[in-house]
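Here come two complexes built around chain A, the first alongside chain B, the second alongside chain C.
Now for the complex of A and B:
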């Protein structure tokens, strides 16, 4: 499968465009790095690819066809602050099951314990919640993962564990990952190629 | 350089909730008194006894008797029961109107949002009591007219709050994530948005309730509300006016005081609930 951003343009509130004619392609099973200065539109591009935002110009294509506007989106987004991506009134078990019922091996790969499923999001640490957000995004239908600074607020050990698990899942399930980060050293380690916006 | 860390005050929450607990206790007592009085006194306290007319408070008649010899306590409790029924219905209908209009305004249609916002501004811009009197008068007075008048004039503030809440939750990241998992609009409305609205609706109802009671009494006092024969608080206060100058203070004091206590209790409970559901309240 191939995820493409074709001549994407976007501006907030009719102001100057943040993105203007951006092209990008990501193959499934590959990890592509995306970097750039703050305010260049990396996260905005990630949100557009995952259908959280609609572009003002251009199209997002999956295998040459427009990405579906309803139903399960094969492009999932995980960003830096997982606490905003979960309903604060739901327990972790319900949050995960909104997407799918994960098996034990996937839980173990991301270091997630079943006991967490009975807790609310604010009862987990930032790192634990980020693991949950990643697990949830890796539903069986996911083909591409937009990983926007997913480990920038974690300690180096947690960062390494999470990326090892992600690389493993990507290879096993043929999932393409767009790794957005300011950390060029990290992108150098995890991505096959890095593009600058 | 000296850095001073201030220790947070001990048990601040108990201090904050004490008035709410007291108000809840009084409100429960009032409700029990109304329920018990309705079954215990029946109509006996409401019967005329001309030999006992205009008696000051005594053990037999704690609130005294009126110009027809009727027990003021029995009439006050009957009046409060009537006020509570009217207030409950009016506040409930107001919450339903507010919720429907807020959903329509926040549904995504700019036209619907514009229309609802216009009606909110218009209703809030008009003098409250004048609008109440006009509607009640146009509908011919009586309990139904009072309920409708109070209900259709009290929804704007809650509509604004609910509209803002829906817009905030609808644009939350977790709603976008849910949509990406293929969840329907109905699922998102039912499981993500509605649970955030329920606390606001409950607080809105509890805060509207005393307003509704007060306005019912006000309308009735001015002669545009309930029928004169009914033992409503507004009618008791209206009737007492003629006798206050003659020194029959108990006719107005006790019904007025009980109405004030009831309104104050529900206002304190509503504000307490609002503080509990407001996350910023925890830090203040």
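Now for the complex of A and C:
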């Protein structure tokens, strides 16, 4: 499968465009890096690819067709701050099962413990919660993952563990990953190729 | 001589469970460290290790349900609550993690003058504000702007300029590079180094180890509230064989620019 951004343009509130005619293609089972200075529109492009935002110009295509606007979104987005991605009044178990029922091997790959399922989001550390957010995003229907600075607030050991697990999942399940980061050393490790915005 | 000495600092939180039993959680345990003039000490640890809490304990800005134990000394004098209140903002400065701590209703110039006045060194000379800003690569026009118009990197440098204006002897910077790109990160860290070169003691809290190592003399590693290692910054080279602690070595080798390994460290 191929996720494609074709001639994407986007601006906030009629201001100067953040993105102007951007093309990008992401293949299944591949990890593509996306970098650029602050304010170049990396996260905006990620949100457009995942249909969290609609572009003012251009189209997002999956295998040449418009991506579906209803049902499970095959393009899942995970961003830097997991606490804003979860319902603070839901326990972890409910947050995960909203998407799917993960098996033990997936929990293990991401270092997630079943005991957490009985806790609220604020009762986990940032790193623990980010693992949960990633797990939830890897439901069976997910074909592409937009990973926007997912490990930038984690320590190097947690970062390395999470990315090794993601590289595994990407290969096993043929999921395409867009890794957005400022950290060129990290992208050099995880991505086959990195584009600069 | 050390500007700040912390001896066996413990910060605990109390709450009651459903049966009204008292539950105590120690978030910082038995931490001892010292920092001298002209020195940059990096405080490194995973999220939740207690780094920010430690900084807030030094400032005397802990939440009301927190209890601090142990002793702290500033310039040889006991740093208790009245001393903290007197020294905060003039001799001890904290650069908070979020640039949202700037006053949204005051211009940068006003806030810079407030910081200077509070420390008893008012900026009266014409051009003083512009000069204070220029030291941090900020144009004079920035003085007339409000914080929401600044980028993250500029806002961070405004806070650095305010710290400089206060003339503090001890500067604590909490995650100064959060959300900044590589250029801005390098710029902010260079500014912090210039504080140390001007004779201040600097404690920089960061999870960006490579950036912190560029300016730090020593690194203290915290894990779950405890100091697990103290290393010289120059020991973080090649494959980390000069590092004394296993945890430090694991962290070093997990960096993408090194081994990117996921080896668990020995407890």
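Rule of thumb we're sticking to: the second predicted complex is superposed on the first by the 197 of 197 C-alpha atoms of A that agree within 3 Å, B and C clash if a C-alpha of one lies under 4 Å from a C-alpha of the other, contacts with A are read in each partner's own complex, and residues count from 1 in each chain.
Going forward, a residue touches a chain if its C-beta (ideal position, glycine included) is under 8 Å from a C-beta of that chain, and two chains touch if they have at least 3 such contacts.
What you are looking at is a predicted structure, and each value in this text was computed from that prediction instead of being measured.
Enquirer: So, does A:186 touch the first partner chain B, the second partner chain C, both, or neither?
Expert: In the superposition, A:186 contacts chain C only.
Enquirer: Counting residues of chain A in contact, which comes out ahead: chain B or chain C?
Expert: Between chain B and chain C, C touches the greater number of residues in chain A.
Enquirer: Is A:139 touching anything from chain B or chain C once the two structures are fitted on A? First, second, both or neither.
Expert: The first partner, chain B, only.
Enquirer: Should A:65 be classified as contacting the first partner (chain B), the second (chain C), both, or neither?
Expert: Neither partner.
Enquirer: Name the contact category of A:98: first (chain B only), second (chain C only), both, or neither.
Expert: first
Enquirer: Let me test your reading of the model: by the given contact rule, A:16 touches which partner, first (chain B), second (chain C), both or neither?
Expert: Neither: A:16 stays clear of chain B and chain C.
Enquirer: Quick check on the complex: what are the chain C residues that touch chain A?
Expert: Interface residues on the chain C side: 45-48, 151-153, 178-184, 207, 209-210, 250-252, 254-257, 260-262, 264-265.
Enquirer: Which residues of chain A touch chain C in their complex?
Expert: Touch residues, chain A against chain C: 37-39, 125-127, 153-161, 163-164, 182-186, 188-190.
Enquirer: Quick one: which bits of chain A touch chain B in the complex? Just the residue numbers, please.
Expert: Spelled out, the residues of chain A in touch with chain B are 50-52, 70-73, 75-77, 79, 84-87, 89, 98-99, 136, 139.
Enquirer: Which residues, counting only chain B, touch chain A once they are in their complex?
Expert: 172-174, 176-183, 192, 195-196
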